[in-house]
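Both complexes below contain subunit A, partnered by subunit B and then by subunit C.
Up next, the complex of A and B:
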């Protein structure tokens, strides 16, 4: 089995982009009126796409497609075409007319974002400084603690719903959050209580950034249903992503939809407010890093043991040592390891066939387990090459294969053909439709899919009558 | 010609031998195609899978069991 020593670091397209591409031109254009939205979307794009935009940004007139294409070497042509089509579907750069020019709304707003000017307050209106009335805004420590607490409540709620231990239930998140978890399919209702689904198990192994966007994407899908203006919702998220951590912003410029969002976002830990009725709010690190590459959750310091990132040591004998006192991380580990001992700052367990099988049954894949171990490996593990013991990686994959030893497809077995010619004719027809799962010329029979059966049936009937 | 409804099972030869062994008692195989494929009756899949699972488990050494 081929083992690569690094998990492939292919930069994937950001999850929001496919969603934006489904929106119509009118919606997108009104979104592009705000400089902060343009800047945020720009930050989500790949470097090639950014390159193209920046090249065209300060041009007053359109240039021909061939002018830009002259820059592209032949090997990179597919990449270039790909970038152009993404930009075209985002309605940032309409193609097809033979000339290239940025969407004028996008161009104007993005120029403003870079060069300043305009007075839309699209980057948020900072709240006035407090007079000395003893109420100061939250500092970064408070904000970080708040965001972390909110976010871990959600994850912990999910992870503990999968266990049967009902005595030690963590606090429940708000009804809004629970509704979102249910509609997103991360949890499903079983006997009146919410339980984590297999999608939810996979979700737990994502990076915090992916988790956050996964939930927000679901939130966007719900916007229509809740009669929220999608442009308002998106532009508010983008606005938050360009705000400054530790600063207070005023709510007075927000639209009705956006004011309603404040409550939801407070539940997710994206913003902080002193009181519900407060006229000002502070974005937390979760929201200010939405479109950036820095980590959305603070790395722990001080009282806690070890850094948040990188706490797992995995040995070749399948033993796992996790330097953590965080109940959430312990619970996530418990998804695929069998835990043996628990110390104040250390959890010891081992990866066994049973524990991996349990994870696989829950819908987690071997690759997800391996990539989780990879991303959370202890700094000392980073000296190893390959980082994770090859034996353990291979064994986890083998256990997964073991689960799939038997594959089944429903369908029809066609047999007892009158002549070879007859058999070949029907088989050829079936092959053209791509419904043959198995064939054997010597036995003169083949197996076709269930979906293909009516077509084959009518084909044979037509032939026998004709 | 004939068309028979069933489920095409794709597996490795070892698993197929176990299936043939089960078939002696339960008779669910419609057609034994080759080393990697058999067709079984459509309503028997669950039973066959659980029998196979139990058999494979009993052949595995477990630290915890």
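Up next, the complex of A and C:
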């Protein structure tokens, strides 16, 4: 039964939610004016939080806290309290007054989203049908290829910056993207050129969905610096997520900030435009799936090399077979394996102590390697239980532990005690305060923490004077 | 709480007569008001998750129709997108409303005066077939994954009609296939009294059954009791049934019976002792028949104690229709029947007796009589 217990798959809250919780109430309330934003935020919440919102959505008056609390069983009370506090921090459901009622702005807009109506145009104004001028909007295939190409350019740029091979440099993404990568700490400037950082290495092993949100989150952090209106930025992203794939939308109703965003989002592959000055744009699959949880970058259709979901076979002898011809995937694998052969559709390598240590040095953790292998395992591997050979998993973790044999702490070494009695007295005092890190009675010395030093010092001074 | 999409199949009872009655009730609920609340509920289901899928089936008099399925993609351009509504909601609302209107218009011409029973079971069966199709076949979308998606299917029946005892056998068959498919069936009786069959459907498949008391709060009821997917129902206090009417309908007259006579060979249920089993054609010994009839006449309920069936029982020559797999649990249910109060005054079904019982056979059937207090009486 227990198939998944080998990989830590803790259900985390969405990365955007902590960011939203840092915003003040005014910003959030103006965000909640738009039905599309409400719908998107609603989808990012956990299922219990969603259910609480829906329960309260159609109520006109506030209900008491105890009424709603009676609706969950006692064992689930912690979960319920968590959900309430998340909603309260999002200012969706203010608590504290003993009564529960949804934020009126949120309630009105979300009702509008569910029941339709209103006139805000928050779901995007579709472009008028093309006149017979021979041009047509991009179809889904074009959009998918475009998004994939953009996205892989960014990732490939990051991966290849780690190698010193300057002859096979992939095309560079636009300056805007490079700036974002640098300010987000995913890459850092070394000798005038951008190099991938340890955070960047970790980033590469995320799922596409996490990667996308990670970048967008950085983009949101930048919004203030670039004097962009955060509400406009967020509501544009949320609007994109509710748009329909393969449909063209008009730019006429966008605010100034949002028009400026078009260029950035085009670089990330979130939207497609025929040309820069075009009056219409189409969202790609990257943006229309922003608020859905499971589908990872579903833009792999354009590739020829068979099933892209799951291409890795890992054997108990640490050998790894990756059925891919994608240079990006090969490059990511190269982060923690030593590759041996390369065939048109197959890359063979093995996980060695050196290759894993190299990855660990880059800041990648053992758990990340294992979860990467887990999520990209070949369908045939899925028949195994556990999915990955236990020996390999354990060994990767052991190699990580090897790295952590040494632990450094700052502190002070106390030596040259005049007598054994002095030494024992001070040591006893220090031990009572729990500030001894190491002691050696034979050499009459011990090592105390940095914080404890003033106390020990004054204690010794008091003893020696008195 | 793992988050993956769920499939909700909604079966709507759209009997015009019943909706007309519901609209003229002291607590009126017109079809229009019902539909607007229903659409809000359906939208809420779609809103919950991008991966949630939905299918809507309508039961009309003598006909059942699939009104909407989110997997059967319509042309995106078939509706005009406006900037104020989420496209999937708009698509859903338009599809459901136009299809219902078209079907109801078509009905008015043909069936005017006579009351044709509503094809609720047909719609339920279609919903099950749909669930089976979705969960059995891998999604052909993009060829991205070869494994069938985790759909977590459930069915919600919104009924306004009373029990149709003629549909007992098909509804039971539907329940058993739901059990096999691991589909939860929720049932909500919006108008009218309790229905035995829907209670059983919800109970046997692990769903909830609700008899709507305040019809004006329909949407709130639907949201609180039927919207949570099974994964979070574990932590919610969803309505459960404290009383379930387990009575079965007999195979001969389709009456709902308190005491049934069960064929010892194929386990068919009859309301009175018959010399030949109508399902498997087994002839019963005449002695047993006489004894059962004797018991039945004066005080059948209190002292009926049939003897064990003779060992030289005739072997059945034909197995009859496909009732074998499910009848054992029928018999069990008949035995463990409860709900003492609800036994009287139940409608006796509209179906006319379609089989006359010829006398003089060899009865071999053992009665499974049940006391009113719920103690099994047969052996």
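Everything that follows uses one rule, which is that the second predicted complex is superposed on the first by the 401 of 466 C-alpha atoms of A that agree within 3 Å, B and C clash if a C-alpha of one lies under 4 Å from a C-alpha of the other, contacts with A are read in each partner's own complex, and residues count from 1 in each chain.
Here, a contact is a pair of C-beta atoms (placed from the backbone, for glycine too) under 8 Å apart; a residue touches a chain by one contact, two chains touch by 3 or more.
Here the structure is a predicted model, which is why all the values come from computation and not from measurement.
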Contacts of A:55 with subunit B and subunit C, given as first, second, both or neither: second
First, second, both or neither for A:121, with subunit B first and subunit C second: second
Which of subunit B and subunit C A:75 touches, first, second, both or neither: second
First, second, both or neither for A:440, with subunit B first and subunit C second: first
Partner chain(s) touched by A:421 [first = subunit B, second = subunit C, both, neither]: neither
Subunit A residues touched - subunit C or subunit B, whichever exceeds: C
Which superposed partner A:338 touches (first subunit B, second subunit C, both, neither): first
Subunit A positions touched by subunit B in one structure and by subunit C in the second: none
Complex contact set, residues of subunit A against subunit C: 11, 35-36, 39, 42-43, 46-48, 50-51, 54-55, 57-59, 70-73, 75-76, 79-80, 112-126, 242-244, 246-247, 253, 289, 291-295, 298, 300-301, 307-309, 379, 382
Of all residues in subunit C, those that touch subunit A in their complex: 1-5, 36, 39-40, 43-44, 47-51, 76, 81-87, 89-90, 93, 142-147, 219-220, 223-224, 227-229, 231-232, 234-237
Partner subunit B, residues of subunit A touching it in the complex: 338, 352-354, 402, 405-418, 422-423, 426, 437-438, 440, 443, 445, 447, 453, 456-457, 460
Of all residues in subunit B, those that touch subunit A in their complex: 1-12, 15, 30-31, 33-34, 37, 39, 42, 45, 49, 52, 56, 60, 62-64
